[in-house]
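Residue numbering begins at 1 within each chain, and the chains themselves are lettered A, B and C in the order written.
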């Protein structure tokens, strides 16, 4: 058993939901571990990680659904502290989660065919995002 | 330290929220590990995993709450891609999460008395669902 | 590689969102492990764990957002089973998650500057809450 850390960045400019699956699979393969778990963690407080079937419809529908829960136009107390207009972004990110754990077996993520790992950009400014992969296995 | 993979299937026909606790506890016990973590991962993209107090009321209330966030009757872009009427199912599943990590100590899940591990069926067709347990410990 | 369990309690009286970061970091440091993952798990069924920028605004906004998803005043089936008025608390807790996994590298949680680990009290009675930290690393 060992633990290996990988880091990479995602450019969210132009799209809000970014497929991380190829990069996560590549990082897992590089470790030469056969079996274990990979924790995908987003360090920024207005980004999140989950899984979804990565097709153009759901990529629009998912942020739309979150907008229903925490609309941009609502009044948030966060605005008093920061005055940066992204209170809704923080709330959505805390709801979805900064962290996802995916098993891998025989070097392959156990995702199934229709489930991809995605980074979800929730801020009003798009930017470069840091991700940490912590891979524990043998 | 070692890692052991267990797989099992859940029949969601007839109920939407299925108690996985006895099966997960059984799998952890079979490994003969004393301490570690178990990652419960659902491979299908319209199922999710979380914890809840497993009683008949909440088993109805939880899907009802998700229906408020992503109603069946709403219009989803996913419909254009797949035309299968389950856009809301994908969105709910991505919100709840495909993955849950639970510690075990002295061979026992640290769930407390009122918290059970559940599979949540969110699709419109019920069916057999594949779950992967990745157990890491010693 | 080894696994070390730490437990502590949180008093949620007086605030609904409690910053766990210093305590989690202290527990990780005490293990003398350099790299790994810590699973933070809440045993009570009406509490949850996530991350947020810990400032007074978001600490109010986050419970307010959850109130939109599962309002206190709604009718829940849970009431028939328990008659304790906290159906909304269970639902919010199951949505947010009882469990969070955070990597640590060179003995330090990879949280970034603006992201803290928080316990979220969702019950109508505040009280002492048990948390389990399962630390896996080397």
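FYI, contacts are C-beta pairs under 8 Å (C-beta built on N, C-alpha and C of every residue); 3 or more make two chains touch, one makes a residue touch a chain.
Owing to the predicted nature of the structure, the values given are computational and were not obtained by experimental measurement.
Q: In degrees and to the nearest 5, what turn takes the CA positions of chain A onto those of chain B?
A: Rotation angle between the two copies comes out at 120 degrees.
Q: List the interface residue numbers of chain B and of chain C, divide the shared ones by all numbers used, and answer same when the ratio is over half, different when under half.
A: Mostly different residues form this interface, as fewer than half of the numbers used are common to both chains.
Q: Could you please state the distance in Å, as a whole number, between where the Cα atoms of chain B are centred and where those of chain C are centred?
A: 19
Q: Would you mind listing the residues of chain B that make contact with two or more other chains?
A: 1, 69, 95, 97, 101, 136 - these are the residues of chain B that touch more than one other chain.
Q: Under the stated contact criterion, what part of chain B meets chain C in this complex?
A: 1, 35-37, 50-53, 55-58, 60-62, 65-66, 68-69, 95-97, 100-103, 105, 110-112, 114-115, 136-138
Q: Across the complex, what residues on chain B touch chain A?
A: On the chain B side, the touching residues are 1-3, 5, 39, 41, 43-45, 69-70, 76-82, 87, 90-91, 94-95, 97-99, 101, 130, 132, 134, 136.
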